[in-house]
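Paired with chain B in one complex and with chain C in the other, chain A is shared by the two complexes that follow.
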Partner chain A sequence: MTPPLSHRTDRPAPATRHPRQPRIALLLLCLLLLCGCGADHRFVQKAEFRDSREIVITFAGPVDPAWAENRDHFSVYEKPDPDIPAQIDRVELGPDGRVLTLRTSEPISRDIPHKVVLEEIRSGGVSQGTAHLTVKKLYVGHLFSILIGAMIIQNFVFSKYLGLCVFFGTSRKKSTAVGMGVTFTIVIIAASMMSWFLHQFVLKPFRLDYLQIVVFIGLVSLTVQGVDTILRKVNPALFKAFGVYLVLVIANCIVIAVPLMLADNEYTLLESLMLAAGAGLGFLIALFLMSSVRERIEFADIPESFRGLPIAFVVAGLFALAFMGFSGMTIY
Partner chain B sequence: MDPVYIKLALGGLTVLGCIGVFFGIGLGLAAHRFAVEVDPRIEAVQEVLAGGQ
Partner chain C sequence: MPATTKTNKQLFVNGLLNENPIFRLALSMCPAVGISTTVMNGILLGVAVLFVQVFSSCTISLIKHHIHPRIRIPTYTLTIATWVTVIDLVLAAYVPAAYEAMGIFVRLIVAFAIITMRLEVFACKNDLVPSFWDGMGMGFGFMFGMVVLGAIREILGMGALLGYDILGFRPMLFFVLPAAGFFMIGFMMAIFNYVETLYNRGRKERKAI
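Here is the complex of A and B:
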């Protein structure tokens, strides 16, 4: 009475991975980087914010100073509100005639894309046409700042105090800490992506936002179960290495905090990906730092009553203080 | 009770039920597709053994 074995036992081992994959990833990255720059007019090379009140425009060639003198040629407004123009205080042309600086009388918010209209650009007496430029923060930079923010500046363990039980449970040895961190990163990225899709395309259209928590908890356990099932078959060695940590991820509250944050902040897909990756990598960093210290503490001369968990909490507090040094930092 | 709330609640139940069934079937298929064949003798032997620990 033997149960039927799987019908795939006689299949040959899977073929080796494609060597092309990293190259495709690199290409995508380059595309993403390229999308961030580039202006909308052939005569304008670059348009960017400089100060909180200045917009700098770089032309392909020198423009006529007489054209730059007349302030009526320039207008700046926020892209969502075209009927509220910003007051332009001063227009300066660089010595080589290629760099134009527009200075507004009031500070402009760099988070909002701005439109700049340059009417009838004149260069060497020839008209180059009217340019409608969009000036915005570099999107890649924005994504990067979300990633770094979740990873270091607003580290989930050290500045939000989330996921502490798994943090203390698995940071005794460096190898377990890294294993847990890697597993956690994979699971949190998968779970956040799924919860983003579900929130955007199911919960929001059906007005079921109030069921967020129930749905996200289900999704997290579903992801863990799915990764468990697939990994057991696809890569048994890795599965054995992950061991209990995979199941422990369910008990981690960062994994539920990230989908809730995504839903609250209305992040786009790429932004959510960055936040999830940042949270996972931040947890990995926290675990690695903590396990390095705890491995050394084993041999230290600590008062009897402080051994074990109490000194670990003290160390975590010191780490949190150190990480406070990052608070308030901004990138881009 | 306001019929709007009942409608909302019933809608929620339906949608969540659909999500649950969908992902349940997905997990079931995954478990079937990625089934790991375990030697049945291992379990049989373990059942026969005393297994105090």
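Here is the complex of A and C:
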């Protein structure tokens, strides 16, 4: 099947001076298509949500306006309940005949995947068969929003108030802060992934949910010990730089909070990865910001009783107030 | 290491004031900042921590001769995790509303540095009775800190105490926000430091006379 000409002309011409650009664009396009635009019919290129009441379907070629006018050809329902069809208010065909907009009478929830059935699509007088499409939120966007959410909007240190002992202990100098942040990110990703597998494939099937705390804390200690041993043998130079912080990771409550949250929210593997990475990077950001301020505080003239930890707490309070500005933000 | 020479009362007061977990040792800060918004939260989490601290201290002091030194930290962790699971299930069954309010913090007691530290520093070297009183002191010290923070924040933020309206208006709503927890702890620590310097200065002067 050859794509119609219009498909090629409406894309911007790739710049010949940068031969890498089109390749990256193509890669991104593949990634986007792979990750759930829901085109599971050969004649349908794309099916996606727009606004709260519209579903937009893009065809590979122009369809017959006469076919699009008959409303009986279209039905929309939520994937979990196929018995309750959504009322379709209006069907609009774009001027080039390739873009079809279905407007429902009631708002549809984007979080639930929807099924769209297009019966006997007719294009140029030829039938293209019936299409059953699944429309869902862009998965990449969903993952990205989890990552940013854990990193900045719901920052574990400044918005959830976790991991404070280690946070105040290691934010005195920038070099220490970065070392701790990087080590922590690596360990938390490894530990969260393992605890996800253990929860999904051992604890849940055998109904051992009440052992969560014991299993997760044991797993975290094991991960830290494992990373310690491996790093010592494989890369002694790196171990010298980061080995000190490994022990501290166990004392950080974020490292046990993330597996518990994954288990509570029933995240999938990729979502778990994003939450763990976001938690680690968020901790790194918090440490870096804090250490930058505390390095300057060293030279400031502070009342004697406030020196050391008390002033650090006041600074953290100011940061927390600033981070409150992110609250309620949504991405995608 | 010699066993402690302090009396039980000294051990208790030590945990409550001299080595108060929140204001002096600056350990287990997360709940102190996160959920010390009301007195009730403070009392409930305080009870949970007291329970875990006392029972873990007793357990470890009973089995201290059977723990190999190289696996002592994992042993502590698993002991604490067991007791945390117990209190977690108990609270979820009997006070579901308050348990909901405390969220993930009850289960996070397992990562509290204060409990592991007391096991390492005290319980593994002392007998059952001193360990019990040390655990009581630390637990009540934590509860005391949480209640003080909770009371100040509840009065300033909501104009209420233990849920009862006292002032009739809300002086500074800011104190209900968790961000204010950082400020509160910073100021409380500064006050503790200030009192200590005053006390030391007074003692020096008395000595000089």
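Assorted remarks:
Operating definition for what follows: the second predicted complex is superposed on the first by the 294 of 332 C-alpha atoms of A that agree within 3 Å, B and C clash if a C-alpha of one lies under 4 Å from a C-alpha of the other, contacts with A are read in each partner's own complex, and residues count from 1 in each chain.
Throughout what follows, a contact is a pair of C-beta atoms (placed from the backbone, for glycine too) under 8 Å apart; a residue touches a chain by one contact, two chains touch by 3 or more.
Since this is a predicted model, take the numbers as computed values, not measurements.
In the superposition on chain A, A:Leu211 contacts both chain B and chain C. In the superposed model, A:Pro82 lies in contact with neither chain B nor chain C. Contacts of A:Ile230 after superposition: chain B is touched, whereas chain C is not reached.
By the touch criterion defined above, A:Pro310 lies against chain C but remains apart from chain B after alignment on the C-alpha atoms of chain A. Using the contact criterion defined above for the overlaid structures, shared-chain residue A:Leu198 touches chain B, although it does not reach chain C. Comparing which residues of chain A touch chain B with which touch chain C, the overlap comprises 211, 214, 218.
Per the touch definition, chain A reaches chain C in the complex via residues 159-165, 168, 210-214, 217-218, 221, 250-253, 255-257, 260-261, 303-306, 309-314, 316-317, 320-321, 324. The residues of chain C lying in touch with chain A in their complex are 26-30, 33-34, 73-74, 77-78, 81-82, 84-85, 88-89, 104, 107-108, 110-113, 116, 177-183, 185-187, 189-191, 193-194, 197.
Remark: chain A residues 2-3, 5-6, 9, 198, 202, 206-208, 211, 214-215, 218, 222, 225-226, 229-230, 232-234, 236 touch chain B in the complex. Of all residues in chain B, those touching chain A in their complex are 8, 11-12, 15-16, 19-20, 23, 26-27, 30-31, 34-37, 40.
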